[in-house]
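Pasting the structures here.
Each of the next two complexes has subunit A plus one other chain: subunit B in the first, subunit C in the second.
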Partner chain A sequence: MAEPKEPQQPPSPPPGPALPAAGPDDVSLLIDDRPVVVRKGTTVLQAAEQAGLLVPHYCYHAGLSIAGNCRMCLVEIEKAPKLQIGCATAAAQGMVVRTQTARVKSTREAIMEFLLINHPLDCPICDQAGECRLQQYEAAYGAGRSRFNEEKVHFPKRYDIGRNVVFDAERCIKCTRCVRFCDEVSKTHELALFDRGDHAIIGTFPGRPLDNPYSGNTVDICPVGALTWKPFRFRARVWFLRDVPSACAGCARGCSVNLATYNNRIHRITPRQNMQVNRFWICDAGRESHAPLSERPRLAGPRALAACKGGPQQEAAWEEALDRAAELLRETAKAHGSGALAGIVSARLSVEDLHLARKALSEAAGIPRLGVPPHVEGEDDHLLIRRDRTPNAKGAALAGPGAPHAGRVKEILEDVAAGRVRALVVVGEDPLGDGLIDAAALGRLDALIVIDWWKSPTAEAAHVALPSCGYGECEGVLVNFEGRAQRMRAALRPWAEAEPTWRILRELGRRFGLAGEYPTASAVFDEVAATVPAFAGLSHRALGGLGAVVKEA
Partner chain B sequence: MPYEPLLLRNAGKPGSETIDAYLASGGYQGLRRVLKESTPEKMVEEVKASGLRGRGGAGFATGVKWGFLPKTRDKPRYLCINADESEPGTFKDRLLIEKDPHLVLEGIILSAYAIECRTAFFYIRGEFHQGCRVFQRAVDEAYAKGFLGKNILGSGYDLDLVLYRGAGAYICGEETALLESLEGKRGLPRIKPPFPAIVGLYGCPTIINNVETLANVTLIAERGAAWYATIGRPPKNTGPKLYCLSGHVKRPGVYEAPLGVPLMELIEERAGGLLRPDRPLKAVVPGGSSMRILPASKCDVLMDFDSLVAAGSMLGSAAVIVMDAGTCMVWALLSLARFYAHESCGQCTPCREGTGWFVKILERLEAGQGRPEDVDLLTDVANKVEGNTICPFGEAIAWPVQSYVKTFREEYEEHVRRKGCPLAATATVS
Partner chain C sequence: MPLKGTPVKRAAHAGLLAATYLPSILKGMWITLRHIFRRKVTMQYPEETWKLPDNYRGLPALVRDDQARVKCVACFLCEYVCPPKAIHIEAQEIPTGVEKGPKVFDINMLRCIMCGYCEEVCPEQAIFLTKEYTTVGVNREEMIYHKDRLLEMGGIRPDPIKKWAHLTAEAGSGTHR
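Moving on, here comes the complex of A and B:
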């Protein structure tokens, strides 16, 4: 029943620099002799971070409550006899904090030693190796040796703790980040700490595995290799991966993400902190949204029907295929009037794609009707997921052919079935695969021109199929449901002969007299910024990593 | 002058646990007087003036602790009674609960009144089956007689008391783990600050007091702070105290004496002296298993908060564990370390990992596989646990490790040299 009473006082410090003045909502303090001014309520760890000093930590995570259990962040605070945890100690006016003293350093060594005595040290076969906090901090703060000569505690390894998450209890440092995530963020409460002492183990309750729409975040925030993402396990050593900042195109939230690539493949998608959009998290569907890129059959090069109808699709050169598409449209207009032309354009495309869809298809080629199909599924949830699964509905409304509208699409497709529409351009959509129209009805068209990244049923039925870039292969801007414009970045070389959609549309448009240069996506966006008031003042560069809000009327 | 027991005045008598016996001996008079004549503020002042210090382990001044409650009344205030008593060697609260529950209950009502609490929680160790039954009956009796419930004794003061049984973890005696457990969660100590007086049970201001502490409040209400403050070793070590004697003594048990009674008097006169005449005293743990050990040469000490700090240990729960010359100090520490390794909540790194490490090193030493560096390693690991944990459980094992090794270093080294326990043949390891 001890309550600690520490006798010794730290030696009084040499006089440091003077404290800066603080406003009424601020406090000023000294951290390693650096004057820092922070908002009241800021912790010492956060204050140090603001001053550019890292206080090493495992259990602290800016998006979770404070647990204070790892003890890695212990620092010296003048007048406090014991070291204090930086993550839970509020910065106070006049506080003097030291993060580099011999006492702090030897305590960090001790914490590292404690964390490693029962750790399996299986870095060579651990997916976390290369981005593991144990590795990083042992190198930076550890003593580099162990005095532990005993048998380690053994726990289950390679344990399926959830549908997509594998747990290695021996690697776990019991920081409870994963537990707090499930309690506080996903609010699904699957995880808990069980048992005690050095037998304490993270686990689930009987019959309730870790299975929620956000389970992958536990893997991201696990500072060690205890939780791993099944689809990514043993796929790539992380030091070969290159993170490209981008935005998720899975739904109208448009979470900020990193696309981790190696060998021209996305191996995983992880959240990128953006407090205006997704904070620290993404959903599991977004995380796996790169899977179709490798799972679905790609459209490798342009294809066109040799004769007008009935024959098989054949490979064609780009110029040839584009000429053929233009010719088909022109012939149909001539024979049946421009009212027999229509288009279906996707709100999953970027602002640049949609702008050129408008320019090339509506203005240049004179297609009078473009429909944008909505894609909705389920309900908006409490965290990120939007029922609107189109990432750029707002962009389509502001800069493209209009907001998604089921009725308009239905009308167009009914006209196709009735033979009133005789040429249809489909960009990034698959009405046949989505069941919006049947093959027989689609077969009545004199011209079906499809721009898409994969061999969708609609693309397979096309007279001319033009291969576009898939997700992660091109640059472009998405506007999320809250009006935040963010950049999608090209992380991969385009597959085979694929081209960015906006460039395909530019080339098609040119065949109808489209004038603009449009050399790059960023130039296309500049034209949007110059012509659409909502985008005034924006540019790819101005959007930066976190995006900017468009001005809505 | 023989000492007249105050806390154990009823405990030995037949039927002492019933309300009738308690009332017959003058019980609940203090409560009547206070409800009639006093106010909560005056009651707090009275307890401050008595000098009462907590009997749960830390010896913190009770009235001062109550004074930490916020001045605002926008949230309910709670009193939690810590009856989790699980520290090895400690069994005093159990005696009070089983033998004189109304003495405790009266103190609870008085203290709840003082801190303006309307719901109190009695957190009792789950294994105290008898205590639970007895205390529940006492609570029922108190409700029936109007000492609990609405409008107590016509004073307009309401108090409800909830009996809550722990699920069997030592750590739930730590006050913030106790709160978590009461809230229905796993008993994990909270980081402090905030302290429970500000943010406690269900986020409300909460006072946690030990059973014996509250029994003392009854005495103060009965006979006044001035009288109380003369008992023991005033001004800082006042009042009667229950001492739990165990180990190698003839008559182990709970003994009452004022604070400041000489340790040797407890051992020799009250507990009947050492168990075996051929084995002299080797060491005493004066305050429960978490406290530093005193070698026989330092046992000429008074049993109170400040004297024991001066002697290098603490009064703790006043559990006096006596060890004679047949005790192996490696084995004794191993036995202790096993308890702490088992009971560490596992939350924070140094304690979770350190407690198990102690056991493994000590097991090797006992088994004759010790290495010379193990002796310093034990101390160094303990030094790294001490002061670096969420709750004082870290010290509760670090202090014994440090002090056993320091005080009996020679014995540890001998285990290494001789590849085993030099006392193995004779040790009383039961």
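Moving on, here comes the complex of A and C:
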């Protein structure tokens, strides 16, 4: 009698972590035995990223469409006969992905060999060296040797593809990130891929160089050294640079940026990803917004007119210059009444500076009128650039002396010309250089006190000129046009004797009885948070790297 | 606190002869006399100098290739690796041939420790340690050797690897963009 056969069991699944349950809009999959739950439509590469696994890639960029041409992100997917590119394969329910198998590794090694076959290996003269994906991936996934003895394909090197961008076709791996950027983000369509095979080359069309206001982003997203930024070329090696997270002060957008510093200089500005503000991009003007710091003549130390009126400006000690400024304001108020005092304050200053401008100038010194000039240029564009070039107009309206208002400034300056205003305090503005007033009218003032970072025409005409920190030299908060407060960080030591504007205003205010310690910018901001409802609950720490939205009434 | 250990036993008197110092003087003169007939070891520096081994590490210097081209491309690796931070480089763009070269190349010989890291790290074989070991200057400024002086010290050093040959050739023929 035969024993009853056991009923046939289906082969049990291999022991491993079970797939977590997925919601209706989610899929769950295993990547390198890690269970991952992602939204439907997520690619395998993105899912791996969410699981904390790096799948190496060149052509994939989160801000661009999928091209799938570099083949670096090939991964093994169970039941698929061949390796699949992670960037263009949608994650599916129950998928089992492996990114570290021998097959994947040998494929990556082969891809690296292909990409490097015609690479000139001119790392010593390449600006990308140090942040080059070819270097990084060759070290991590490559074979580390070359079997290619033939002559490499030669292409134009050092080709000016645009006003600020230099193209080296030999270094290019044809990932087409730059082409897709110009097609999809800047929408200017200057670049295209021409020819085939190893003749393929990125190029422009006749008469249309890569010259859009966002061209610098192609340099950032270029994973190799094919596109380099002309103003930064050969200025510094990237491994010396230290990135300081900050916010751009070029327009009302206030893009998140990194200030790359070395030897107390900003050498370049690159975008910092902030999906709420600038995504991955910044404009070329913002990228070069550090240039005035080295181009314009700086105010090294406080300067004051010699006691006899009309004498030349002379260097003065801080205390001396501040005393002189307070004395001039007091004398004018005594002689002509406080109505003869006025101020012009810039909306390019931080919330801290503007708050203390209000406290020190309006409240303590009793200056009745403070004007904030607007700076408007061109039109808003489709991407980032705003016509309002004041980075902190909203901050001025909420925490400072008021929103930028051309009429109020005009009125003050007309009163200066007419002699009704006898003392003017100018903070961070240059009405003379901007053509808002002429030198003769300014000369009629009994007291012109200027706080600025450079020797502007107005500062040169001042009775007392006080040097403030330039961009990147002091801490502060900017509120962009959408109401997002972001921190500017100090990346440099202040130039010579320069001081943060809020500290100069604090010292000036103390001469008029301003109470309050205000030891640091963050302490000033804490007071703003405590007194201005829009900033309630915020602090420098709470703003973090990406900022926070202020509560507007 | 009493000292530990055994005291050395000495004769109460060195002896009458020793007290005249004559044995010691004669002994010393005998040594001197012997040395007169030995080979001389004193080197008449600076008229005579050491014969240095091939791997001697002296002052670093920049070299030119057999076409008298400055080999340094200002990659900054030596500045980066230099332990006492003796090297200061500023790069510049060069209109022809290799795109990049040093505008400023200073080595502070007061700081240099002749470790040879710069020579080892150089991807262009542009910096070598010479057998020069005398550095003279009357102030600190003079001890900072600038590019021209370093190139003069290094001279020309032919190199079998012609890494940039096609670029310099194109630059010469004018076809290079």
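Definition applied: the second predicted complex is superposed on the first by the 537 of 553 C-alpha atoms of A that agree within 3 Å, B and C clash if a C-alpha of one lies under 4 Å from a C-alpha of the other, contacts with A are read in each partner's own complex, and residues count from 1 in each chain.
We adopt the following convention: a contact is a pair of C-beta atoms (placed from the backbone, for glycine too) under 8 Å apart; a residue touches a chain by one contact, two chains touch by 3 or more.
Predicted model, so just to flag it, every value in this text is computed and none were measured.
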* To do: Look at A:233 in the shared chain and tell me whether it touches subunit B only, subunit C only, both, or neither; answer first, second, both or neither.
  => second
* To do: Pick one for A:107: touches subunit B only (first), subunit C only (second), both, or neither.
  => first
* Just subunit B (first), just subunit C (second), both, or neither: which does A:82 touch? -> first
* To do: Report for A:403: first if it touches subunit B alone, second if subunit C alone, otherwise both or neither.
  => neither
* Does the superposition put A:143 against subunit B (first), subunit C (second), both, or neither? -> neither
* To do: Kindly classify A:159 by the partners it touches after superposition: subunit B alone (first), subunit C alone (second), both, or neither?
  => second
* Asked: After superposition on the shared chain, which partner residues are touched by A:200: those of subunit B (first), subunit C (second), both, or neither?
  -> first
* **More subunit A residues in contact [subunit B versus subunit C]** => B
* Over in the complex, which subunit A residues touch subunit B? Could you list them? => 1-4, 6, 66-72, 74, 82-83, 85, 88, 107, 110-111, 113-115, 117-118, 147-151, 153, 173-174, 192-193, 195-200
* How about subunit A: which of its residues touch subunit C in the complex? -> 123-125, 129, 154, 156-159, 233-235, 237, 239-240
* Quick one: which bits of subunit C touch subunit A in the complex? Just the residue numbers, please. => 73-77, 80, 91-93, 98-100, 123-124, 166-167, 176-177
* Asked: Which residues of subunit B touch subunit A in their complex?
  -> 56-58, 60, 87, 90, 169, 171, 173, 186, 188, 191, 287-288, 290-291, 314, 316-317, 341-350, 352-357, 360-361, 364, 371, 373, 377, 384, 386-390, 392-396, 399
